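Shared between the two complexes below is subunit A, which pairs with subunit B and subunit C, respectively.
Let's turn to the complex of A and B:
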């Protein structure tokens, strides 16, 4: 009945075997491990204590607390599973599912061709996971392809709950609007709304949906207002009827009026266009909920969603060990060996140019290298996907169950967990004015 | 399911309170109750000075009660844990306060000296909170999401609005307000370890109604009874079992 906490920690710790360190984040070191009883691979996140910013004076990082709080509540095949927590010698350890790739890697892998069934399947899994999160009154606040991890059996899992928080039926005030990676940030957040809800996640999913079709981020830029401008260009500036209350938001201003252009996704089916329009509705109250989206005709129409086991996977290059770890595990200076081509077409269609595969070698000026570090983070991953050869699919076998929602506890999963990225998103906002397109 | 097991483990029978770690260490039942209450009083004082909302206070108090079902009061002083609980509740309820502020107020309250300006004492409290934080999380088994009776009381305020038994204007609201105060007072006792939040909420509404001579509907044939509004079991509300 009363298990001693020390005894409990000891029992849990003995269940797992920690093997090697695979990454390091702002608040945690990530280790690879195995569950001894089953041989299943796990990722063990060891939370650093007293090493946070502000001189280590704030105890356990807030995002770690948020992640623990959210993941203890959530159990769904499309949400990353927190298997166990234990403390050992004053350190906290979280045992998580071990997943080796994310949707961003797959999107950037130009050798993979997406069929509409693939896109549909990924969207279905994302929305199922998100619906579960929202049902538990949690908003994720950082939905992006990079945080949608893919298991070896093809199941997509929402991860990274470092920004997640509860939202109640009560009118919660003073929520921070500086959340969600800028490219996926909902317009109400950009305009500084402090009261918002689950709709912010749906906007992000809409952006991801578009990105799956276009293979480039939909609203990619370094500055909040350029992103907003791109939204208006792509979707037409909303009028007061389209979005009542828009003019009351804190950071609102007189917008440039764009007419509603012909639709971005000419090639998509009518149902897909309708769904994406509902997800990218400017008025958060008019945006679909995850639950409504799941019953949309898009998911019932042909072609049907591809079975997760048949989805394209990110194939890692076999050649050397270093490449087994995604580029973001390394310091950014290592990444910045290439310079980025101009990321967007100024005044263009409102959609960024493809994060092209024509990566050029950098001119050697060090200042250029420094200021392009941020952009090159994504580019470096491009390089990774260029270098790869296709032959590698070691150990990833076809042993899948039929139910889409069936969670598989494979015992020979070759997978890799990813860790927290450094908090670049804030830097990205604050420094946008000081980071010109050096390569131009 | 893991979640259900995790929630269920935090509710105890009356006899379980004879087996707590503090009791095993030889503390009397009365003494344990007193120290728990002192800990929660400390939480309330500190939170008041930090201008924290009632939800954060309730979460911190629940953390404290749960903590002492896993650890002994003789090994962890109730003020130390109370301070750590406040700091942790600030994080989980998204009402962040700086470690420095929490440590400063804790030091002042612990010394009962609001003019205290002793950097050494503040540093000591920072150290205490830092040291105890992992112990707290471990003892809580990382269950940081706490459901409180307050939300259920809001539901009462809404549902009872049209109750014809309540004659007074704004009667339902006043009833819920006095029930709210009763729930606040209950935080000093380990009630949150005995009953689920809906049971506590409906018991509080019942007491509030008794105090103001309001008769709530207790006949199922006359519509919804007062306990069924929050899906509570009347036998549990009456303390008949569990």
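Let's turn to the complex of A and C:
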């Protein structure tokens, strides 16, 4: 039977029920909804086309085109699923899987203790998803913990394809180097490379790997060159031998020479260190691919990756109920890559640390860096206890949501109980040099 | 449903296509990877070797393979269905429009059919259809004025509608134009994508609803976004004004872009033969290192054939890598080159050195050659659309356009009015609700105020 396109879109629209708005952004509103037939929760991202945007309307937003183009082709347990698309009254609607937490939230939730099996499991899922993306000749270009969503069953899903594009098309067209959130941006991008490939995503994953072990972003700063400096401090300034062609990149300059320091993650196992080194190789050609990383001994060695269902979950503090959830459905940089300014560094909103203070700049050795990390850890814990107080008062205000509230309280109690035990272990994990085998 | 053909290849001439379909692609994958590190085809990355048929090929997971692959018969049916339902819809709308016209007061000519729908690529002489002056201010919709049925007075039943084949000719004409538009910023790939977008659009729509010229522009605009060459609408519209003399309103462009996306099922990723041809070019060099000059010629020539293939329906029948191989084979046959392409394929798939000899049977090779033969035949028999014919059908199209898509027609004005009314009603309702809420709020504050006073 022949169905008119308009009619088909109406049919799709009627499959879902929009329940409430959970977020608003410059180019999209996000709604919570359900698939009527199954009762499955979904997120509906309504892309505003009629309203003119800051950069001037240009029809369907480029990042929306990119996201749809990529997600229509990608079907993998570790990639967010685009269930449907429809247009209604001149607006474009994307129906996505509903996922209510992300890895950033879990990393920042200091009540959660990461065991090495957890880290391994998250890395495994990230790399599996990324391998699928790369296999399809797509690069994500915005890998960061905030874009790794976590499903209720523990599965990790790569989301936000607003910057994704296909690569390796043989046309050798120049690409923008102003991609990927700065903290996770590969060195070749910071140096202005316009020809690059899947390796930029791997660098980001390497940063995420480190962040899962350290619980703070590895190379965090607001300036490109401080970030670069931090890389050199932590990994040693690369020589022309380490990275042939480095000096030919557009924004290259005479770097300050740092010697290769003793390893950053002394507490980790040999396999983990080897893998992280391969991901954070300065030369993109020497960096591992997602596929190679998946067959690395790290994933075969004990302890085995934790089953997704047994991974720690994020228990949501009520105070940022409204603002936190939807944010992840937006693209971090909405505009066209070529015309837009650099994607802004993620603001350290919510529970964790303020962005700029997470790692203090210009600590010349890794041990110094770690001490500052430790200091910040403590700060974060103080912040946490502050938040706890807030939660309680908030709880009273929210009494009418009794059911939700009760559930939440249940969570809170659990996490409070949990909190007492692990404090000591946090200290141990942070004390890298003295107890080498704790974090792995 | 039309968008998910169950087994799109069920009725092609080659009966067991599904099995061989993956064979050439497969075998070809591995060889390309071995020849070069360049990512030359989408399937090069496939980790599955040709022996494993259990797991799906990477290309088989693409939307192009899943949803945009049809048998020849199915494609014809789809086009006929789109045409048939279009004709019914237009007839219905015309009848309604006529009814409205009879009751409506005469409207002035200046407001009739908007400029850009009227602006067709026809030569000036044809553009001003000979309208009798007496009819210029007639309240009757413009299509009944068409000279086709005696210049007025006809009913929708008298209208001569375009057939599916005639529609196709007009579309193909504009697809050809896409390749010819003199804009250096549009890469070969971008144009190819725009052509495929247009083809997909008209499987579900009819030219009576959307003029192909408009869809051509929307396709180019959207393809630019999809192929990483985004262009601002102002620049794009200026370019189109210069190159194809269409002054397109911004809103119309955006509207059409959305309609186009909708009809394509929001599937923006399109795969073309170009990359596969490049991969074959590299692979052949590794087999015949002495003939590199010849192979270079074959590759150059094959590009022309690929361009032609885009203007046929091959994209709906075969995989990009198969089309590329067909184009290379055809190119190597040209008398100036005379290269034995079949020998290369045999060497590759069943030669002594071949890695695939175990996996590729003689029957599969035979099937492959059959596919290639069909591709080559289609390309060889391709003839550019006759411009005169396209113009003739375009003229015919003027009398059978859907009045609901013409913003000045009675029917669309009525629809607009109804919509406006609905919006107004909704607004009033919201206003009333707001007012009631405000009053209630005031009451609460008033009470509070009173209680506050009484307490102190």
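Throughout what follows, the second predicted complex is superposed on the first by the 306 of 440 C-alpha atoms of A that agree within 3 Å, B and C clash if a C-alpha of one lies under 4 Å from a C-alpha of the other, contacts with A are read in each partner's own complex, and residues count from 1 in each chain.
Criterion: contacts are C-beta pairs under 8 Å (C-beta built on N, C-alpha and C of every residue); 3 or more make two chains touch, one makes a residue touch a chain.
A quick note: this is a predicted structure, and the numbers were derived from the prediction, not measured.
J.: Using the superposition on subunit A, decide if subunit B and subunit C clash or fit.
T.: clash
J.: Looking at A:291, would you say it contacts subunit B, subunit C, both, or neither? Reply first, second, both or neither.
T.: second
J.: Determine, under the contact definition given at the top, whether A:36 touches first (subunit B), second (subunit C), both, or neither.
T.: neither
J.: Based on the superposed arrangement, let me know which partner A:173 touches: subunit B (first), subunit C (second), both, or neither?
T.: second
J.: In the superposed arrangement, does subunit B or subunit C reach more residues of subunit A?
T.: C
J.: Of all the subunit A residues, which ones make contact with subunit B and with subunit C?
T.: 1-5, 8-9, 49, 57-60, 62, 65, 68-69, 72-73, 75, 85-87, 90, 92, 165-166, 168-170, 175.
J.: Of all residues in subunit C, which touch subunit A in the complex?
T.: 1-3, 38-40, 42, 45-47, 58, 61-63, 81-82, 84-85, 89, 187, 189, 204-205, 221-222, 225-226, 228-230, 232-233, 253-255, 257-259, 261-263, 265-269, 274-275, 278
J.: Per the contact definition, I'd like the list of subunit B residues that touch subunit A in the complex.
T.: Spelled out, the residues of subunit B in touch with subunit A are 1-3, 6, 16, 19-21, 69-71, 87-88, 91-92, 94, 96, 98-100, 126, 129-131, 133-135, 137-139, 141-145, 151, 154.
J.: Looking at the complex, which residues from subunit A come into contact with subunit B?
T.: 1-5, 8-9, 49-50, 57-60, 62, 65-66, 68-69, 72-73, 75, 85-87, 90-92, 165-166, 168-170, 175
J.: Inside the complex, what are the residues of subunit A that reach subunit C?
T.: Subunit A reaches subunit C through residues 1-6, 8-9, 49, 56-60, 62, 65, 68-70, 72-73, 75, 85-87, 90, 92, 134-137, 165-171, 173, 175, 291, 336, 338.
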